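Below: one structure in structure tokens.
Each chain carries a letter (A, B, C and D) given by its place in the written order, and its residues are counted from 1.
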């Protein structure tokens, strides 16, 4: 799945070429393509006048970026303290047995990606699942798969 | 000038100097790993920690990395005590678990009576002690070809995508500055390979002896405005040429006097 | 229309207030994170569609207002009707028509939607009287849950930007700093450094330019106060920052918002755009010669970027690796220039301190910890939610009087405060005052205000392992004691959880913790071992049970427990369906059996069994 | 007091004593260092001792990216700061006269530093083709 660099460049051009925009630009690319295509590291580096190694460092340091294609549906399971003691691991186990993928992995058909997030600030209704930016609170583990698929 | 006390002795230092420089000038041996004069201190290895206090802190003490702590008037510094010994010992103990085969680490650990790490050896360990000397020297060079990638325990020094770094010019500064010789390179025949990237070494136009990489020479020529032809022949042949040039001047001078 | 003078601002405020008086009843629908997940956005839409269709007299669509988090998340979705303060909880879309017809049109109260105190069975009509709210005092959260975050007019109507007007009209920067210092405000991010002193040092620094930064990273798991302020009342953060910019002489400000808070970014950006449009941000604010603008800098998903120097690296577009702060960031911060960095909640207090004066603020809370503190209650507590209480209140009052005690009346075991830098306090510490210093003296820390309550079904050794795992994942990896030390400490903690550790391992963990704390480069490493040290201090018996008897009293550590179905089982098959390891067998309505070899002790069956037919041995 | 290092090629007989003296001056733990001076023949029995000219706008100083080659104010020579030098050989490649050298024995970059103001090659040159004369200004 090669993404042509003109498309990437168009996303990059939305923000001014200032080094402090690095993370925001990478997030726009991630938002657009669900991951950071390999080409984007060079394009962003040229656009901001930064070494490619610095852009790659940021792409691998910040956990919200992925360098490998992710699924259409991003399923996030919160593992904040409250969610942990209220059974976040149970949800992860159910998703693993139901979708066959562990956190950080994507299903072969590129439909689902499961990710673990360290606290999304909705602790009042732990345990929390987020499917494509839609919040689900007080998730019982036996409903995890239904929520993941329904979205 | 700033007056401070190191291990009981009052010493003077220049404003803005770092404690480590003053300590070294006193001939006191403080262990360091990530310190190198050609690069900015970052305080990664923590071994150069010393304990500081002041008269008006009424006994309260703080341990700081001397490579980064600027000298202050009236500072009272202790470079060796039990607490610092414990810190240095534990740090080397941890490093032994990560880099069990590194002679550099093992030698330093022996000074603290450690032959083996008290922690299980890390399966994914290697000799890199993550001191950032290589990435920083490459930054001073102006290329920043390699950098610390990933985060936390998976942190690894590499070029983008762990592949041949596009900005690397094969100058080997990183390999030479690496305290544990973890950065592998080799020159075979015409080519030099480092970070999975191969370079063409300039061959002396006279005797064929290999000098530096073409990319490194071009970089110096462009960045430091050096004449390109300086790089085309090796130092041996340049000395011979110099002798001949001066020799011919001597001969011409002698003929002129006759 | 640019408000280019204080006179115009006051005139505008009067106009808004008269307009708002015209609307008799206001229906506030909470769109905080909790209620939103319960579908409160659908409730909002339902109100608007019905009202548009029916054109009911004196109830116009304008009276429906979305707000930030009202606080009582456990009872969400919430609909509040002002000015009577009627508190409808657990509202569903189907109730909307009924609310409009009965309450809005005929003024009747719908009994079933009111809050009933589970212990006293008392039913509360008015939210201000509910115990959860009664003991609170809101300064930073004064507008959150009351105003529409997208409407600058709401903020203005509630006295917004009057503090800014006050300082621009008659206060010199030094006077502003003097007021903030005299108020006794200390950093709400958890460090507790005097805000006034921080501003004063930055104002005195010779170097130019100076930056004003807001720390909206809130990486502590279990904390969501900053989120609710940024989403529920973004303008108070802006006003606090503008006042700070005036005091320290800065032209450029950044709000660093973590990546996990997209709605906060949207609401803050709307507030910034509105403030610029009305001349409250940008050049010549309110016609004065103060020029200051704010940009949002988005985080990338790194807990360590909550640390000041890492945050500044991130704002500058670099990786968030902290630097030694022997030269403090008020002198050399962002781009090595003098920088003031305060937490969202600290800025939210500033306008009120300027408005009502330092003495008023200092009179609240304790002598050394002035003012109030916002806390997020989470975990095994009945009334999960967001509260703000005066400093000096005890843990017991927060957890029992406000928090309503423990779920299903189980036994309280510990409360975790201060996130991964904090600790766990046991039952006999419940009467400690909550302020900056008391909790720290007892091995925990107030931190940013996250409070996670744990009951007897939690294993403290597992909690320590959880935090160490969190820190190993979030460590930036730059310095040896944190990268390698926390990694080994976590491995040892896992060994204890597996029942394979000996006493010497515990001693090794304690020694290692001391070195990590005294030699790590930044706060993450320096406070990383706190959760372990506080749990082994207060719950050493649990550690010994894991080490000596290979038992897990909390029934959590997988290697040390077995799940067994008892005779109460009615064969409903719920556990069989959920078991991922296919270890449960049994026919419908017959007692089921767990194959204890196949079972990987994940605990799903125990979680779904509603009649406690599964024992943990 | 200022000195000037003088080379008079006409007197040089190519006996290479200077080379020997220099190598032993920089010997360490029993191993000789690399000589910084090379008397080379430019015609039959005609020699020129080639040694660093300590140039004003030195190519080696310019090529060193790590500021490890610095003018020594007393001796006027350009010294290698071994605390900073990372042995990248830029200076060796850049010096037009080939007087920055690699001492493969000790694996370091070397160049003539006028023996810190007391050049041993001058002492040992039998023909005084090398001189270290005081400059009276």
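Keep in mind that, in the parts below, a residue touches a chain if its C-beta (ideal position, glycine included) is under 8 Å from a C-beta of that chain, and two chains touch if they have at least 3 such contacts.
Predicted model, so just to flag it, every value in this text is computed and none were measured.
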Between which chains do we find the greatest number of C-beta pairs in contact? A-C
When centres are defined as mean Cα positions, the distance from chain C to chain D in whole Å is 69
Computed distance of Cα centres, chain D from chain B, in Å: 26
How big is the gap, in whole Å, between where the Cα atoms of chain A centre and where those of chain D centre? 61
Using Cα averages as centroids, what's the distance between chain B and chain C in whole Å? 44
Identify all positions of chain D at which a residue touches two or more other chains, and write them in rising order. none
Residue numbers in chain B touching 2 or more other chains? 148, 150-151
Residue numbers in chain A touching two or more further chains are 54, 57, 61, 63
Interchain pairs in contact, sorted by label: A-B, A-C, B-C, B-D
Interface residues, chain B side, partner chain C - complex: 42-46, 49, 63-65, 68-70, 83, 86-87, 90-91, 94-95, 97-98, 118-120, 122, 129-130, 132, 148, 150-155
Going by the contact rule at the top, pick out the chain B residues touching chain A in the complex. 135, 143-151, 159-161, 165-167
Residues on chain B engaged by chain D in the complex (per definition of touch): 36-38, 137, 140-142, 171-173, 176-177, 202, 211-212, 216-217, 220, 223-227, 230-231, 234-244, 246-248, 250-251, 254
Over in the complex, which chain C residues touch chain A? Could you list them? 33-34, 36-38, 73-74, 76, 218-224, 227, 259-262, 297-303, 314-320, 376-380, 384-386, 416, 419, 450, 452, 454, 458, 463, 466-467, 470, 473-474, 476, 574, 577-578, 580, 602-604, 607-608
For the complex, which residues does chain D have touching chain B? 9-10, 38, 40-43, 46-48, 50, 59, 62-63, 65-68, 81, 83-90, 92-102
